[in-house]
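Two complexes come next, and they have one chain in common, chain A, joined by chain B in the first and chain C in the second.
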Partner chain A sequence: MKTIRKYAVIIRVSLSNAVAYRAGVLSGLCFYTVFIYVFICLWRAIYSEGSVRGYSYEQIVWYLIMTELVSFATQYSVYHDMNNDVKSGAIAYLIGRPVHYVFYQLANALGQIVWNLVCFGALAAVLGFSFVGPLPGFRLAALPPLLLSMALGIFINFFFLMMLGLSSFIMEDNFALFLIYQKLVFMLGLFLPVEFLPDTIQKIAKLLPFSYVTWAPAKLFVDFSWPLFWSVVPVQIIWLAATATLTMLCYRGGVKKLQVNGG
Partner chain B sequence: MNAITTNALYKSYRARVKDEGLRASFRSLVKPVYREVEAVRDINLTVDCGEVMAFIGPNGAGKSTTIKMLCGILHPSGGEISVLGLSPVRDRQKLAMRIGCVFGQKSQLWLHLPALDSFTLLAAIYGIPENEKKRRVSELAELFGLSEFLRTPVRKLSLGQRIRCEVAASLLHEPEILFLDEPTIGLDVVVKQAIRELILRRNRENGTTVFLTSHDPGDIEQLCRRAVVIDRGTVVLDSPVERLKTDYLGKKVVNVTFRTPQASMELAGVSFESAGGGLKARLTVDTSICPIGGVIEKLSATGEVLDITVNNPPMEEIITTIFRREAAT
Partner chain C sequence: MQSMKKHAKIMFCYFRLNLASAMEYRASFFTQAFGMALSNSSFIFFWWIAFRQLGGTIAGYSFYDILFIWSVTSSAFGLSHVLFENVNNLSQLIITGELDTFLLQPCNILVNMLCARTSLSAYGDLAYGFVLMALSHGADASAWGWFLTGTLIGGFLITAISLTAHTLTFYLGNASVLGQMTTEFVINFSIYPDKIYGTALRVLMYTLIPAGFIVHVPLRLAREFSLGTLALLLGAAAVYGVLSGLLFYRGLRKYESGNVIITRL
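Let's turn to the complex of A and B:
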């Protein structure tokens, strides 16, 4: 009970911290709007001649709104935080506390994500309804499984970023790894539905974890069915378990090799 | 009872080295070269419960590395450590409940939030019940004079106010040992003095053991009863501060500016170095032979004094003197 309270307070303080960044949230909302608008224009031009790979125009716009929502909501990057902690030496404070560093960062990230989801979620709904109207065929009953898939995607993303952050325990410069990860998530679901990729790459993409960050929840959102749910959510759970286990192993190994900079 | 014991404590790490120039950068890219750095070498240390101990040395001597090993943040490469009967490596979380740390150059507070929010977070982390937290926060706020800025975002506080909050934050869970790593760095004289008094009060009233590293001889003179000097990872001297005061800290540096050039000044226990064509002078005073008051009187009699400052000799100078004397004995 005490442990739950401990992490609940971390989430609450992180949420207060996120709310304190008003200018940051406002600029993020503006950027999100511009981003969505530019891509809607692009998709409108592409869709002037009919549907593409089973996605209608309305579906692709809502798909984009959904993937970008997950992306913007998780823009708080544990990777940058951890890199800064290690490089500035501030990690000394966090490691020397009766709290698990990985779970502390998770709770810290959750506070930010909750706030971002509220802000960007509201804007996403407004933009979607304004540009293309309601999503055809969407039922409220699909909301709980959709939220589950979204949460799984956010957690997979968190543990990947955490692993990349942990690599700073042993690597002097790990930015290249972060860029590779970011581009893989972007190309395998965030920018384009996986179905738009050539067949061979599609098959490979569905075997890799990167598509399960944004493609899986967005696909469920625009084209919900229980068979689709059962084909993506268990895979998300497996990837979540794998990334979480790897993160814990990396942390255990990394903390032994830690060198704290700056005095 | 011993609060801290170390036996042959050793820590080394690999650091990448690279020669100057573009060619060396490419060579380092293909074939990086590392060198083994021995940060701490065979440190044997015992600190009693309730003791206030200074752990001093020049930059890169291994002070912070030792503190971080004692707190369980860094893993030693060899040797043994026992802090409050626990192993910092194996029992890090248990130990964390009983120790507090202040790293003067780093912050544990949330920059965009008031210190009160950070206190709430720390109270939850250390499992302090709400009522008890309120009592301790109000006690610390009174002791450290935090009340007027406790609700101000930390980024808007002065350095002195922030450090007071940092020390208070480290005491919230009433630790048995307080590790202070350069807590007065960058502070002005008045705030330094306030921080020192607060630390001493905590030690007197709660019996908190204090393990302090500092570059400021004033911290050591006023806070500690014992000083351990380390250089290049090894203990050079372990002595009562009283002895250190007579042998090494008893010197003061007086910088003086005259209206008209002065070639020299003769006074027992004082060495006079003239600069700026005789308009400025640096005097090293052995206060056991000649008190500072006598030096100022003599200076005033020598010529018209425009400006005068009295300082402790820099820590590096003290360490060099200690090093020379210890090598000679």
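Let's turn to the complex of A and C:
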């Protein structure tokens, strides 16, 4: 109980920080609007040439609004923070604190994520309704399972970024790994629904965790059905467990090897 | 002429020193350059899927046109950031008073300031454009000619556009977010067919943020050469470059020096 309270305080402080420095989110909102506008223009041009399989124009616009929402909501600096902590040696001070370093980072990021979701979620709704109107066939009853899938996607992404940050224990420069991960998420769901990929790549994509960050919640959002829910959410839970376990193993292995010189 | 030669010499010295400094951290240099090239490839994957679904053209652009505009954008962006990366730091230099360092040196302020830094990942962008051109257009001499023209003029224009945006810090206060937004606009205007945008945005991309001249005009020239279009391209780049330089020097008069002590090693 005491442990939970400790991390709840960290989440509260992180949320207060995010609200206090709300101007920081403004530039993100501008970038979000630019991205959505550009993609709306692009997909309008694509749909004017012909139909694209399985998705109506309204669905693809709302799909992109949702994938970008997940992507922007998780725009916190955990990868850079952990990289800096390891490279600067600051981790030596942080691991000595009466909180687990990994859970501290998680709690610290949660406040920012909640604030981002509120801000970007409101903007997403405004943009979607302004550009294409309401999403056809969307029911409010689909909201709780959708939020669950979104949360799972956000956490999978979080643990991946944490693992990438921790890779600086063994790599001099892990920026390329970060870019590779970012682009895998990008190609396998963020900009394109997995259904658009060639059949072989589609099968591989559905076996990998990257699609479950943005594609799974966005697909549930635009085309909700319980069979779809049961086909994606359990997979998200498995990948979440796998990434969380791997993160803890990376952390333990890294800390054992840690050598900090000076003080 | 003497002055031009002197500036070119300074630019070359900065390039050599920045590259030598980057090569000190070889692993970091190569991973960043490789990572950026890989990152760019993911967009080509997006277009490949889009054209696979539709075939033909999208907003009047074929898949090969898209590969051309991507090659030019990537190399022009790379060239600008390899040589003039410090332009993106200008707002910060003005706010913190660090511009003093450049004012005190016996060298053209603008050239000295612009060339002072390089971006490691930009080498990846620069190389990526050449690789993509080789793969997509092979030995097509005309396409290569317009690619090189677009890269040189595009690199110059991208720097001038960023300079204009960051120079606004002299007039309006911290314009770093505006600078980032402008870069984002330039990239987005350059990597998609210009016809996907409405009239108002297209006016913007051929005037205030002249991203249209970076790739879309060179593409038109590659498709069908016209002396008038070439003159328009060169004229627009020259006029925009001169105006952004004038705006910078006019803004410099408003600059208030700080008391920060800086050492440049």
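Annotations for the structure displayed:
Everything that follows uses one rule, which is that the second predicted complex is superposed on the first by the 255 of 263 C-alpha atoms of A that agree within 3 Å, B and C clash if a C-alpha of one lies under 4 Å from a C-alpha of the other, contacts with A are read in each partner's own complex, and residues count from 1 in each chain.
By our rule, a residue touches a chain if its C-beta (ideal position, glycine included) is under 8 Å from a C-beta of that chain, and two chains touch if they have at least 3 such contacts.
Remember, it's a predicted structure, so these values are computed and weren't measured experimentally.
After superposition onto chain A, the partners chain B and chain C occupy separate space and fit alongside each other. In the superposition on chain A, contact of A:Val52 is made with chain C only, not with chain B.
Using the contact criterion defined above for the overlaid structures, shared-chain residue A:Trp230 touches neither chain B nor chain C, since it reaches no partner. By the document's definition of touching, neither partner reaches A:Phe129: not chain B, not chain C. Once the two complexes are laid on top of each other via chain A, the angle at chain A between chain B and chain C, using C-alpha centres, comes to 80°, given in steps of 10.
Look at A:Tyr93: by the touch rule set out above, it reaches chain B but stays clear of chain C. In the superposition on chain A, contact of A:Ser16 is made with chain B only, not with chain C. Contacts of A:Phe191 after superposition on the shared chain: chain C is touched, whereas chain B is not. When both complexes are overlaid on chain A, the residue A:Leu258 reaches chain B alone and has no touch with chain C. Look at A:Arg5: by the touch rule set out above, it reaches chain B but stays clear of chain C. Figure legend note: chain B and chain C, brought together by superposition on chain A, show a least Cα distance of 5 Å.
Counting contacts by the rule stated earlier, residues 172 of chain A appear in both its interface with chain B and its interface with chain C. By the touch criterion given at the top, residues 26-27, 30-31, 34, 38, 41-42, 44-46, 49-50, 52-53, 172-176, 178-180, 182-183, 186-187, 191-192, 196-198 of chain A touch chain C in their complex. If you check the complex, the residues on chain C that touch chain A are 25, 27-28, 31-32, 34-36, 38-39, 41-42, 45-46, 49-50, 52-54, 56-59, 121, 177, 180-181, 184-185, 188, 192-193, 195-198.
Within the complex formed with chain B, the residues of chain A that make contact are 2, 5-6, 8-10, 13, 16-17, 20-21, 88-93, 95-99, 172, 255-256, 258-260, 262-263. Contact residues of chain B toward chain A in the complex are 13, 16, 59, 64, 68, 71-75, 92-94, 96-97, 99, 101, 103, 105-108, 110, 112-113, 117-118, 120-121, 123-127, 153, 181-182.
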